[in-house]
Structure formats: structure tokens, C-alpha cells
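Two complexes are shown next, each including subunit A; its partner changes from subunit B in the first to subunit C in the second.
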Partner chain A sequence: MAHKTEIGVREQRVTQKTLHSVDETLRLPAVTPPVTYPIETLVPQVRQQTPAVGQRVTRPDGRLHGLGQTRYIDDLAFPGMLYAKIKRAGIASARIKRIDTREAEAMPGVMAVLTGREIPVNSFGPSLKDQPVLADDRVFHAGDGVAAVAAVTEQIALEALDKIKVEYEPLPAVFDPLEALKDDAHKVHAPNSNIYATKVIKKGDIDKGFAASDHIFEGSFRTQMVEHVPLEPHAAIAVWDPNGRVTIHSTLGRITLGRADISRTLKLPLNRIRIIATIVGGNFGGKNEITQEPVLALLSKKTGRPVKGVFTRTEEFIATTTRHPIIMDYKTGVTKDGRILARKVRLVLDGGAYCSWSETTLGKACILSAGPYKIDNLLAEAFVVYTNKTMTGAMRGFGAPQVCFAYESHMDDIAAALDLDPLDIRLLNAFEEGSPSPTGQVLQSVAVKDSLLQAAQRFGWKEARK
Partner chain B sequence: MKRRGRGIACMWYPIGFTVAANPSAALVKVNEDGTATLLTGTVETGQGSLTVLGQIAAEELGIATDDVHVISADTDTTPMDTGAIASRTTYVTGNAVRLAAGKAKAILFEVAAPMLGVKPDQLEARDRKIQVKDYPQRNLAIGEVANHAQVVMGQPPIGAASFNPATVALDPETGQGKPFSTYVYATQIAEVDVDDETGEVEVLRIVAAHDCGTAINPMLVEGQIEGGISMGVGFALQEEILFDAAGRQINPNFTNYIMPTSLDMPTIEVDIVKSFDPTGPFGAKGVGEPTAVPTAAAILNAIHNAVGVRITSLPATAEKVLAAIKAKRAPAPKRIAARPRQLGR
Partner chain C sequence: MADVTVKVNGKLRTASVPPETTLLQLLRDHFNLTGAKLGCDVGDCGACTVIVDGKPVNACLMLVGQADGRDVLTIEGLATRDQLHPLQKAFEDHASLQCGFCGPGIILSAKALLDEVPNPTVPEIRDALSGNLCRCTGYTKMIEAIQAAARVLREEPAEPNA
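Now for the complex of A and B:
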């Protein structure tokens, strides 16, 4: 008997293996391998988890993550599902003269092709609606999508992209934010100015502050463009049902705003759109606005089939938002014992081709740019400019990591020049409970000095300085 | 030769949107057995926010975190939420969850009061029981009360609430106003080795002391800090999107865009600063984004401390650091020997 069972199991395994290899060859949605794991879970006893706040409780999703059972978008499949791919412009600034999709449409396995002109309202954005879903008339940066394909396999969709012929008329472009600031620079979104948002924080009188200072220091700093690089790329599946309702499974981090943007672009009432966000494999600010969702929805409408789109790693870099490079100029007046009397800050943010979350980033960077310090006389001015590069948007810190690099480097330079310990100059200037912020807000639950002292203590700062 | 340096950086960071309304709503249902279901429109993006929200609901209802099932992120079924952005989930959504759970609890108290022969305001919820304050011997299991509420009294214990942080619009000319309801603070200290022959920087150790108000789940706070530091290390030393002259990215892949790996990670020591914000749920504020803010500044100050060069543009790649070290060394003019050296035979 035992012998027979053994053969049965082996046969099963062979069948599973064959099934998997067939799946892989055809790139069909994989058959989930059978897993054996303990089904029983512990019910916590009273007082093990109460009171709940302050407990290092394990995550309810931790078990699924640990067992590899969490379903991300790419783990989902629906019957008859198609795969979408988007053709990227590859040219930073151009006018689209002609798009010929006939050859792609004629390919076996290609179910639909979509261009920007078919999108009911082809613009979106969290503040300025300056971003097209797919470029229709103009290309503003090299990562712009110009056409999309839905096909029965990913490979066919990719091959079809090559068959789409786009004729461009190259236009002038501007890539450097300081160049873009100049009056005679190429206007990215002509006739509008390249400077699309500004922010000013004014407090006290900086001229008086500088006049009263014993020393004045200046410093210039700049940061680079980086990507969020979440483990899971942007992914979504759109299912347009016969009631004219669309369900979108998406990696969006903000489903409320996402639904509003999809409603606008599709010209569809909000109650006909359902967004289900699964457990997202990392956001860091990069998944706070729609990307391919309207494209997938329209392809699903065209084909009557569910349509999945998963960005490649390259698309993550070139076609989603990134962190703002900022050029930061600081000027600070201090007394001889290191107290800051006045500070002037000028920030120029590289906004890339579209606004995205630039206004928020600009505002936060400007407000935070003086640092967590008591400064009575402050002038902080910030500008964000369009360039023909990948758009910059929300990313963990909204401008704060950039300005922190500047104000803290500047602080150490001042400390070194005055022969002060970097910890002491910070303690001397740091906010206290009730200090006014740069915007005049009375601050509460302030813990900057506590954090300085606690970190220094833990590190052994004073000992290390000797 | 490797030279060691230390650098400090502190920061402040706001919770929630700049002035703009960013509300969250939540709905809490207590089941007949005293377990609960929480509905929230926020999205779990890996940070553990649903765990924290479950803990807040559990704390308010006096039950265990595992007693709360959290349903999230579906525009058809969950209440409106501004989303996983601006380090706002624990503070804003957390406040909404606490208020919603409080409303469900009020129904339970109303039902339990006559059963226990006291007034509702004399009751508290703790350890899966509803008990009389200062006389805990008189109590009822929360499941018994919930069942009685629904099955006998016809009052299912359900609560819904929303929260929006209080702000004051900024003056357009001076920028004066109250853009945020609350802020968090942090300090990170980095210890690095800089090889003055190659310019290579190795981050050895980072001490991070973060204020997040009450830490609802200290383990998840530590997780956020460790993740933030890894992003900070990449921002400081390695990562940079590069463009060609035509404005096309030249390194949109992991071969040429260098992310820190586990091998690049320093030893991280985390300290959670004791603090309490009366406007937050159980005193909590938030921790998501701030963890990535001071890391690069601390590392760059440590490089300055180690080799005396100030790198003013990120990332501080080995090439950049080495060039700065070379530029700093007094460029002694090349001297030509008065007598030609005799070559050996």
C-alpha cells in the first residue's frame, strides 16, 4: 500500500512540474504551488495583548508575508485577462506629428491599441492638471507614454509596441533648472512661465538681523534626483464590467484621490469606479497619484476583458515621479557665541516636466528650510521650475532630506569656524517647548533637544570628541 | 589610510498636509463575541499601519490587537481616507479610529451600565471586560455586553467618526500661519570611515533618536527608522539618476543605479524619545518620513569630520570625495630636480 501511495505522490509532483513548465513557456498565470503550513493560529490570552498601545505586537499580515502568501497585484489573475504595455517616447521635447498603429493592431494576439486622443479628458495632477495620461500632441519628457497595447501575452504586447510608428518633430528643450529660470529659456509649457509655483516665509527683519551679527556665513548646496525604488513596481488590473462600472485593483497609496483623477480622465461618475488597493509593496511617495490606471480601464472597455499592467523597473525610473533636485543657497548671521540672529534661504527646485506634488514639496521644503532652530529674522524663498526631465513629486520627506542636508552642513561649518562643538551649537539654537516656528506657530510637544541629548549620550559623543 | 569621523544632524518634520484639509474617517463594529472589525480607507504600504490602527481600536475598546480585524483600501466599502502620505496615518487616521471605537464603546457602556447597576461614565473597558472604575471586581465580559446590546437591546455597537488636523492658512506674502497641527523631531549621529586614498566612505554606525509621540508599536517604529536610514545612506553616498545631453535617463536599472544593500548597512541603534502629544491618539504623532531626513546630513558631516572636506552636492561618491581630498591637499607646485637623477645601471 505504502508503495502505491509513493507512486501517486510522485506522479502528482511530475504533473505539477509539467504544469509549471507549461505555464512558464506560455507565460500564463502560474498555478500556485500547494503549500503546507500550520492552519491553526493562536488566540491571544488576555493581558498578552492588553493594553494594546505600546506593545510590540506582530503584524496580522506578517504571517502571510512570511509564508509568501500575500497577494500582490502581479499575483492576481482573472479569466481572459490581457496584458498591457505602454510605448515610451524616448525623446524629451517634441510635437507628435503622426502615430500609425495599424501594423500593431493587425498582429495576432493584439486585442486593442490606445492613443492619447482616445482619452476623454487627457490631463490630471494633484494640484495643476498639467500631465497627460498618454501624450497626444506634445511630448514633455522622454518617459512620456505615447500609445498602449493590450495583448494576450506580455511578449506580444511588447512586440506590438515596436510596430507602432510615431513621427516626431523635435522641439527645443531645457534640462537645467537654473537655465529654465532665465527669461529667454525654452518654455516647457508655453506660454506659461517655467516657474510654476513660489513660496515665501518672512519673519522679523533680516537686514537688522545681519547688521547685528558678529559673523556671516554663506553656503551653497545641491542634491540629485533619486527614485523611490519600491520592491513592487506600479501595477494595476482594470476590469470593465457590463454595467459600465470599472473595478481597478491597484498599487495606489491614495485611493480617494486616485478615484477622483480616474473619474475626471474617464469622464465617469465616482460611483461607477471602484478602486481596491492590495497590500502595496512599498510606496515612499511614488504611488500617490495615478499612472496607467485610466489606460488599463479604457483598454478593458475596448476589449471587454480584464487588463493587467505592471511597470518594468526601467519604467519605474523614467515614467514615475522622483525626488526633487534642489539648489540651496544659505546665508546665516550669528553672534560670536554661535546664536543665530538671521538666516536667508533661497531654494530652486527642479520640477521636471509636470507639477505632480511639487507645490507640497516646495511648501514643506521652504517652511522646514531654516531647521529646528529659533531664528527671529528669516527670509526663505523657494521656486519650482519646469524642465524637460522626469517629473519630480512626492518622496519620503517632501523636500526635507534636501534642506536638512543643507542646514545641517551649514551648521557644522559655522560651528567649525567658531570653534564650537556641533552638539553645543545645536543645543544653543534648538526649538524649545513654546518656541515660535518660522511661520509663527507656537510649537508644542517639542523634543529636539531631548533627541539631541539622547542620541549624543547613546553614541558617546562627548567621549568621542576628546 | 582610513580615517574615522562622526557627524550629527537633527531635524523637524510636520505631520499631515500643509494647511490643506486631509481628513480620515473610520468605522468600528464590535461583534457579538467582543471581537471587532475596523474599516479604514488607508492603504497598507508595508509600514505596518494597519497593525497600528488595530492597536488603537483595541486600546480604546479594551481588547487585544488580534481581536480586531482590519479591512482597508476599497473605495466601495471603506470610509474616505486621504491615504498613506505625509506621515499622517498614525496621527490622522489613528485619531479617527480612536473616535470611532469610542462611539462603539459608548453604546456598550450604555447597555452595560444598568446590567452593572452604575452610570455609563463610571465604566471603563479593559482586558476584554467592561468594568466599574476603581471597583474592577464588578465587571462583565465585553462579549456578553456586545451580545446583549445587539440581540436583546437591538443596539448594535457600531461607531463611525472622522478627523482632520487643525491648521490656519498661511499669509501669501509672509507665509505666517499654522500650516500643521503637530511636528516630530529627531537626531541621527553617524560614524564613518573614509579612505583618503580612494575616497570611499563606509558608514559604520548610526545612532537614531526619534520623537514620534507615544510609540503605539515600538517594533514598527524601529522598522521605519531602519528603512529610513537605508534610504538615507543611498541618498548620501550612492543613488543618482543621470541624464544624457538629450534628457534621457542613462541608468534606469539596478546595474548602474546603485542602491544600498544589506552589506552597505551600518549598525543601527534606535532610541525612541519619550514624548506625548495631547492632540494625537494616545499621545502618538508619526514616524514614517522623518526617519529618512537627517541620515544624509549626518553622514556628510561625518565625512567632513573625518577628512576635513565639505561635500556640497549629493551623492558623496568616492570620486567626488577623493577629488575634494586632492583639492584640499596643498597643491605644491611640481618641482623639477636641479640635477637629473642618475639612472641605475
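Now for the complex of A and C:
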């Protein structure tokens, strides 16, 4: 028996030793040894193709998209979920005298009605906080929400919107940005001026530049309002839980910023707001700020049930941001051979009823308005003005496509008037390595001329013009 | 309430719904088949395209009464457990979908085309996709994918899910 026990103990010791050694090998060293293998970071050389360019890649979520298994916000549902709809003003400028929601509230299936006055802090915006969640006192554009309904079905919610009676006192309105610039124009957000942001870039002396020029050309260009039209409309689901926390599933593209705006409007600390932004069915800049999220959150708080809101296509056009229409006036002084000596640019951006991303757009449009050309004497002035229209905001390029249309059209006009090849006038004036941008940034990796020449060669520019 | 019986992806399914319910609402809200999407609700964008009796239709414009007794194929019925439909495979390989919202509709429009025209020309493909909008603008890659899928389908006439 004793012998057997000894063996048992010895076996035990051996096993323990083995276990310890295994443990040791698994354990991380207290101090990690210095890395001895060479670390080479892949830095692409200038004008060299990076490994990603020209390679065929597939999307990791591509299969789910094709299978119809991707869950967008509207594909989610929660038990007891209600559907929200927002009543739109339909009048561009007015004072709200009275809102009667009693009839809507009495409808079977309607669980809650919300008006602008019930919103704790009724203003938000990415830079200027000038946008109400729902209009309370004043309506600034026809797409403003004036009341919201949560009902058991979408149909009932829509019917309830018709039962909400809103009495308006129509006010003067301004729709043309040039009219809005004038001193005596109707002030959209009185007493504030309609011009809510400006940017001026001055370089050299344009008077001297124009005086030295052989020819002076002027041109005026306008672009229109553009809606992003993502195939998936803005959608969100808000779940206010009994602990006083709110979870919002949303098509929001900028979660952190949206969370700050939701926190402000709901007067709720940030840590009580959770945003789940899943896959988005197209953003293009149009889902960069909150829209109906605070409304849904408050409806959820009122009803104690999850509330879903999906914008209709009409709402997408009238109640979400759009691309800025810009009125662009150009004046350019050139030498006989087409070299630009001076350029004066004035941009008037139609900001619509609220600021949204106008300041960003204004800045980028102004900086890029001179084009990729060496211009020593430049004056670029840009203004963004309020009008009683759908607000304009972020959209792919933040103002760059509009000014590109203008300066390139202007260049073509100059080339035609001077009987120059449009390619040559661009090659003569285009940025080079080390050229300063209008704001003084020294540019590197400048490939404008190379790109132009290569493109011209590829599609047979010279041959086509013979 | 309207009682409807629809064959969805090969299975008979019934529902008792308000008569104003659209086929899209029936599929999404009652049968939990959320592959067909609501994009515009007026028949412009084609995100809700499903195949009814072999023809692509905008499910947002078809009332349940009109779909009663008919055969509906949704995107969920295209792949089998083991295999993607050649169109789905080709759309994945060609990275034809970006945000993917239009994808189910586009693939079903293409399926309806390939069922009738095994070797479509590019104009024929464009014509078949004319009722479907893609805002990320991946049409070129979609056309490539549909041509690739057509080649696969021609070599293997026995369709996995036909």
C-alpha cells in the first residue's frame, strides 16, 4: 500500500511539474523583448501606383447584400413597435398660431402626438444651432415638421396627421439668394442678417493684375439644388428604456456628432444615449446630421414603446439637406497668350432655411473657386445666405463640383475667345510642383499637367480637333 | 380584412390583412422577408422588385388582392442552402453592389431577363434594369456581372433553384 502511495505521489509531482512548465510556456514575459524583425512600412512613392490601385477587390458584405440578408434600419422590428409620421408645414414662412392635436390623439391606434413645444431644447445643427427639431413658433421652410404622431400602424399615423389642425399666420418669405443678400430683404431668422457666413481670400493685388491684362473676361454661372436621393430613406428606431436611457438605431452617418445633437435636444447626458448605426443604404452626405431621431426618442418616452420612423421619398426631397445652389461670378484678366494675371470670384451660396454644413461648404467652395491654376492676384469672396427653402448641407465634394463647373466653363470661354486650344490654356496656367494654393499652401505631388496630357493622349484630344 | 394565399418561394403562405396592404408590406411585415426594400413607394426606384409569375413587378404597387393565388419569388428564394444563384455569385465577384439597397431588386430584374433571354446584349440588360435605380451608380459592374452569370447559366442549363 505504502509503495503504491509513493508512486502515486511521484506521479502527482511529475504531473504538477509538467503542468507548471506548460503554464510557463503559455505565460507572457513580464517585459516583452524588443522587436528584432525589421519593420518596413509601405510608403507609396509619389506618382507610383499603390498596391490597392488597379486591383479588383470585392466587398466583405457583398454576399449578404446579394442575398437580401443585410439588415437596414427599416428591416428591423421590435416587439410592440409603433410607427411615427411627421406632419410637414407646407408653407414656406409663417407663424404658428395654434396647433390642435385633440382629434388625432382621440383616434384609435394613435398612441402619442408630439409638437415642437414639447422638445426640451428645440435647436440643433452641426455648426450653428439654428434648426428646430419640430417647428414650434415659426416655420422657416415648407418641409419643416410641425407635429409628429406615433401609432400602431403607419396607415393610422398618416391618417392622424390629417386630423392635426395647424393655424398659420403667413409671413413674408425670400426665395432668391441674391434677393436675400439685399439690406431690405425679408430676414429669415430676424433680427439676424441673412448672410450667416462669409469667406474672403485675398492674394496679390487684383487691380494691378487687371490693369496689366490684355483681355478681361467675365462670366456668371449658376448651379441648381440637388438632392442626394439615397435609395434607402432616412430611417430610425428609438427605444427609451425605463432606466431613462435611449437607444437609437439610425441611418446616421456621423454617430458622435449626432449623439451630441440628440443629447442637446433631449437635454439628456451623453452617456444615456446609445446610437446603433448599422449599414446605410446610401448616404452621399445627406445622412450626416440628425433628422427625426429626437422626435422618435420623445415619442418612445411618451408611449413606453419602441418607435420607428421612415421618411417618405417626398420627405427626402423637402425635409432633408440638399446640395447648395451657387451663383458664381467670375472676372479674369489674361495676357494675349492666355496666361491668367488676375481673377475675381464672387460666390453666393443658397443656404436654405438652416445652416447645416454650409460653413464647411462655403470654405471649400471658396478655397477651390480659383481652380488648379497659378494666379498671383486673386480675390475670392463667398457668402452663404438664408432663404425660405429646404436647407442645404453636405453633399459629396462640399461645394467643389459647383465651382469646378464654373471655373472650367470660364476657362473654356476664355480659350474660345482667344482662339486657343482649351488644353493649351490649361497647361499654360495649371499648378506645378511647389505652386502655392490660393490660401498659400505649398502643393506637393502635383500631377495636373501629367494627368491632362495623359488623358488627352488616351482619348485622342489632338486628333479629334483636327 | 382580406384573406390571401400566395406561393412565396415555392411555399404556399396565407395571411389575413387589410385590403389596402401592398404585396411589399405583406412580404416584409407579415412574412418577414425583408429582402425587397421600400425605396420610393411609387414604383420608380425598383428596390421592391420581386418576380410574380415569371415577371418582375414593383411590389410596392401591387395590392395583396392582385397577388392572391400567384407565384412570387423574392431574393430569399434565389439561393439554396448550399449554393448561391449564379447571379448572386457574379454580383459578389464583380463587387457590383456598394450600399446594396438596390441589390435584391436588380438581381431579380436580371433573373427575370435571363429566364427569357439566355444570352442578352448590353442594351437588353440595360432595358431590363431600366426600372431599377442605383444611386451609388454601379451599373457598369452590374452589367458585367449579369453577362458573367448568363455565361454560367448557359453552360449549366440546369438551374439550381429552377
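Here is the rule we go by: the second predicted complex is superposed on the first by the 411 of 466 C-alpha atoms of A that agree within 3 Å, B and C clash if a C-alpha of one lies under 4 Å from a C-alpha of the other, contacts with A are read in each partner's own complex, and residues count from 1 in each chain.
Everything below uses one rule, namely that a residue touches a chain if its C-beta (ideal position, glycine included) is under 8 Å from a C-beta of that chain, and two chains touch if they have at least 3 such contacts.
Just so it is clear, the model here is predicted, and its values are computed rather than measured.
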*asked:* Quick check on the superposed pair: does A:296 touch subunit B, subunit C, both, or neither? Answer first, second, both or neither.
replied: neither
*Counting residues of subunit A in contact, which comes out ahead: subunit B or subunit C?*
B
*asked:* Looking at A:152, would you say it contacts subunit B, subunit C, both, or neither? Reply first, second, both or neither.
replied: neither
*asked:* According to the stated criteria, A:197 is in contact with first (subunit B), second (subunit C), both, or neither; which is it?
replied: neither
*Look at A:66 in the shared chain and tell me whether it touches subunit B only, subunit C only, both, or neither; answer first, second, both or neither.*
second
*Does the superposition put A:404 against subunit B (first), subunit C (second), both, or neither?*
first
*Examine A:96 and indicate which partner it touches, taking first as subunit B and second as subunit C; both and neither are also allowed.*
neither
*In the overlay, answer first, second, both or neither for which of subunit B and subunit C A:75 touches.*
second
_Which superposed partner A:414 touches (first subunit B, second subunit C, both, neither)_ = neither
*Report for A:310: first if it touches subunit B alone, second if subunit C alone, otherwise both or neither.*
second
*For subunit A, what residues appear in both contact lists, the one with subunit B and the one with subunit C?*
56-59, 61, 229, 279-284, 313
*For the subunit A and subunit B complex, residues of the former touching the latter*: 43-44, 46-61, 90-93, 141-143, 173, 175, 199-203, 219-227, 229, 252-257, 259, 273-285, 287-288, 313-314, 316-318, 322-323, 360, 363-364, 366-368, 371-372, 380, 388-390, 394, 396-398, 400-401, 404-405, 407-409, 412-413, 416, 422-423, 426, 430-431, 437-441, 443-448, 450-452, 454-456, 458-459, 461, 464-465
*asked:* Can you tell me which positions in subunit B touch subunit A when the two form their complex?
replied: 6-14, 17-18, 41, 43-46, 48, 50-51, 54-56, 58-59, 62-67, 69-70, 72-76, 80-86, 126-128, 168, 170, 173-180, 182-189, 191, 205, 207-211, 213-220, 228, 231-232, 234-236, 239-241, 243, 246-249, 251-254, 257, 259, 269, 271, 273-278, 282, 284-285, 288-290, 292-298, 300-301, 304, 310, 312-315
*Which of the residues in subunit A come into contact with subunit C in the complex?*
56-59, 61-72, 74-75, 155, 228-233, 279-284, 310, 312-313
*Within their complex, state which residues of subunit C touch subunit A.*
18, 20, 28, 33-42, 44-45, 47, 74-76, 78-79, 84, 87-88, 91-104, 107, 133-136
